[in-house]
Amino acid sequence: MRHHLILRVITKLLVGPIMLFALYVQFHGDYSPGGGFQAGVIMAVAFIIYGIVFSLDHVQRVLPPWLVHKLSALGVLIYAGTGLVSMFTGYAFLDYTALSPDHPVHGQHYGILLVELGVGVTVTGVMVTIYYAFTSRTPIMSDEAW
Amino acid sequence: MRSLFAVVMLSGVFSLLSALLFVTLDAVDVAFTEAAVGAGISTVLILGTLALTSRYEQPSKRSKVIPLIVVLVTGAALFYGTLDMPNFGDPNAAAQTHVAPEYLLQSPHEIDVPNVVTAVLASYRGYDTLGETAVVFTAAVGVLLLINGLRRRRRRNPKKDT
Amino acid sequence: MSAQAVHHTAMTLNDQLPALQILVTFIAAPLVVMFGSLRLAWPIAFAASAISFVIAVMLLSQVIDGSIISYHMGGWAPPLGIEYRVDAANAFVLVLVTAISTLVLPYARVSIAAEVPEKHHALFYTAFLLCLTGLLGVTITGDAFNVFVFLEISSLSTYVLIAQGANRDRRALTASYDYLIMGTIGATFFVIGLGFLYMATGTLNMADIADRIADQGANRTVRMAFAFIVVGIGLKVAMYPLHLWLPNAYTFAPSAITAFLAATATKVAIYVLLRFMFSVFQPSFLFEFYTLDFIILPFAIIAMFLSSFVAIFQTDFKRMLAYSSIAQIGYILLGISLLTETGLTAAIVHLFNHGITKAALFMAVGAYVLRAKGSFYDEIEGLGRRMPWTSAAVVVGGLSLIGVPGTAGFVSKWVLVQGALEKGWWPVALLIVASSLLAVIYVWRVVEVLYMKPTPADSDVREAPMSMLIPIWIAALACIWFGFNAEMTLSAAQAAALSLLVGSAGMMN
Amino acid sequence: MTEFTQEFIVGHMNYWLFIVLMMTGLYIVVAKGNLVKKIVGLNIFQTSVFMLYISMGKVVGGTAPIFPVDMNIDPNVVYSNPLPHVLILTAIVVGVATTSLALALVIRIREEYGTIEEEGILAANRSTARVEEQDHGEVMGGPV
């Protein structure tokens, strides 16, 4: 899509706000619709749009495949790790009270924040992984071929 | 409809419309997700697949009788099952009176998060969400195993890697 | 419960066992990807599986006396939170699943190295761990929707693992695709069933659903919920008319995966079926009674005969075993539809015995695939002399499959016949014996090929390596051991059957 | 026995509509031979099930289960049931995971078989089975 000047300019302008919006959805999920999963999808979309309009190589320079693979695993570990912390302090798995035993409601807030972060990281990683896997096989098609 | 491109676009429209339906049914979180996933990610993935496979469906000579019977029987069974269901929106239905009110009553004290869906998703039923994360992770592992290997640092463009 | 006054007693390691049962393998999977190292993948997987096995044995020893362990995920009491509920029935299945995976992994090391390209190994073992986690999660949970989530973890990884056979035969891909479509339809049916149940009861906790159905009685919504759950899980069980995915999936999957799936995946699905039939719905629920007697029982008998008959005419050892699996699932379903304690005990014992028998046989097939490059009868002709140990294990496994006295298979069939006679269903008992005769024929064909045919002169086939032989023989010896020491499995299965038959123990708040 | 009063019919119409949608999706999955179309059908099937779930959580006169930010909860406001929403969020995610896996499989199948039509694939598999039959002796019961 080298010749689509308008698309290229708009994409460059949009990618930043899209990522910001992803962060908003991520950390505002307690108050409004949204949460880790939706944020992860939006964050991944920022990278995917960049990859579609520019090229796979461009986006992989920012976010190399090996890093994406680690991210997808990291999110699961963050989530499960939060639960393990509760376990090691003598609570049930994923009992967020453990994060702030004197004030369980705060513990819940920390816990929800952490696990949503885990979900967000994994979903971003996975969506980008899948996009990379599909695109690295796709032949370059001319716009008219559709 | 033989053009798969049109099929994919229409299924994207279907997802978007169902997202609207979810909004009217008070499920804003679900609507958000359905719009992002059904109309967004799924459509992009199917389009990517079409680019790699084929954009037109070949006419098929398969018999349609057995599928029709399967569908009719299943549909009839489902219809039979609905006969004892409470009316739509009934505030006295079992689903509205047993567990759900406790979430709505207790979460302000126990979790203190305005979005009850988040409270249930991440805390009361947080373990399901952990499983959901694992499902997503499984999908990544699966896709990589099927159409791509685990990659380490790319060896192409060695100049930039140094 | 109020959040401000949490009466908290620190949980000990022992209290955490139910959660750890899942978590060890669960966390090992992303760790393998994190390290991304080919060399570490197998040791991590094996260690996780072995630890899981130890935990499962500890859990079983705690609940064998009929007690129930309830673990509240996130500290939320059910039905608000998700509950893990361990009783004799699922602890028994947990032991089976973890034992088989711990046995298959050492075997897989060589077998998989030969069948799957090396660059895929790290991800392969990740998928294996996820599959194991899913199966364990389905087994241990007491929450109906949680079953669906973990079922999907295991299903998705199973599709991928089956597709890995594509390096040997491209038909693995279509087998995997077919299984994916059928499996997803099954899972969606299951979700519809859960939705109906939720509508009728307003809860997702299995024990709570059972209590509320018992209180209000069944209605049409509950009946259809039962039907959709049975069909949905039936697809995973490969219950007779829903078995179409199984032969191809088992034939084309990598050998180690076939051994693992045949011994665990269908068994876990059967356990879920049992759990829903006996703990969530009650057998006294008339609709269930009719379903079992007039639909599941006839199909089970058809499966026993038709699949055995098809198995006789196969020319591929692996495919023959796949058809025999469908027949053996028929025996298990027959035991369930007797609806008595003896019948249920027989079903559970057979679930275990058939698990180890099929593990031994499918692992032996993998050894032939490794050495003779195939499992067609003409490719393994006369290998009884070239691969004496593997072939001897096939004979032992085959005898157990038939149900010859002194093997594990005999014990379960004996109890099954007893159960049928107890109910006065002597034609059914006769049919069980008759279908075993079909098993004699298909097992004999293999023995004949292995021992009676001459070895091809140009064959340079050697015995399988030790790392494969030892797991094969552990499984084969287990077939004999549990044939002579039936007390152990029988008492465990009886405890499991009882814990299912008493139905739900109700909510434990 | 159920009485088909007008109230009953109106109250159940939504379930029946969703059932029709579900069956449309299921029909596509079972009847169509194109592998991509099957996946689209599966998506429609699942999405209609999600609709069924969400509609059972709706309470007449209710609103989305999100409290005011200051947590001053008006006891007169009716909130819809949040539990089906949570379940369906999970189910949607599971659905997209299945879809992506199925599509990856379709891509591999196309690379190996050169087609994504079930008929062509079955024909190819049958001819492979015939070759095996010639090489390894008779197979009765068929390759299916």
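We call the chains A, B, C and D, going by the order they appear; numbering starts again at 1 in every chain.
As a working rule, a contact is a pair of C-beta atoms (placed from the backbone, for glycine too) under 8 Å apart; a residue touches a chain by one contact, two chains touch by 3 or more.
All values derive from a computational prediction rather than experimental measurement.
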item	value
Longest centre-to-centre distance from chain C, chain (CA-based)	A
Contact-richer chain pair (by C-beta pairs counted) among A-B and B-D	B-D
Centroid distance [mean C-alpha coordinates] between chain B and chain A, Å	17
Separation of mean Cα positions, chain D and chain B [Å, integer]	8
Mean-CA-position distance for chain D and chain C (Å)	26
Sequence positions of chain C contacting 2 or more other chains	3, 26, 29-30, 33, 36, 73-74, 145, 149, 152, 156, 159-160, 163, 192, 198-199, 204
Touching two or more other chains - residues of chain A	31-33, 37, 66, 69, 72-73, 76, 80, 83, 93-94, 96, 104-105, 108, 130, 133-134, 137
Junction residues of chain D, two or more chains touched	22, 26, 56, 64, 66, 69, 83-84, 87, 89-90, 93-94, 97-98, 100-101, 103-108
Arrangement of touching chains [line / ring / star / complete / other]	complete
List of chain B residues in touch with chain A within their complex	5, 28-29, 31-33, 36-37, 40-41, 44-45, 48-49, 51-52, 55, 109-115, 117-119, 121-123, 126-127, 129-130, 132-134, 136-137, 139-140, 143-144, 147-148, 150-154, 157, 160
Chain C partner contacts - residues on chain D that touch it in the complex	22, 26, 29, 35, 38, 42, 45-46, 49, 52-53, 56, 83-84, 87, 90-91, 94, 97-98, 101-102, 105-106, 108-109, 112-113, 121, 125, 128, 132-133, 135-141, 144
Chain D-touching residues of chain B, taken from the complex the two chains share	4, 7-8, 11, 14-15, 18, 21-22, 25-30, 33-34, 37-38, 41-42, 45-46, 48-50, 52-54, 57-58, 60-62, 64, 66-68, 70-72, 74-75, 78-79, 82-91, 93, 95-96, 99-100, 103-104, 108, 112, 114-117, 119-121, 125, 128-129, 131-132, 135-136, 138-139, 142-143, 146-147
Chain A - residues contacting chain C, complex	66, 69-70, 72-74, 76-77, 80, 83-84, 86-87, 89-97, 101, 104-105, 108
Residues of chain C defined as touching chain B within the complex	2-3, 26, 29-30, 33, 36, 73-74, 76, 79-82, 119-120, 122-124, 126-127, 130, 133, 137, 143, 145-146, 149-150, 152-153, 156-157, 159-160, 163-164, 192, 196, 198-204, 212, 219-225, 227-228
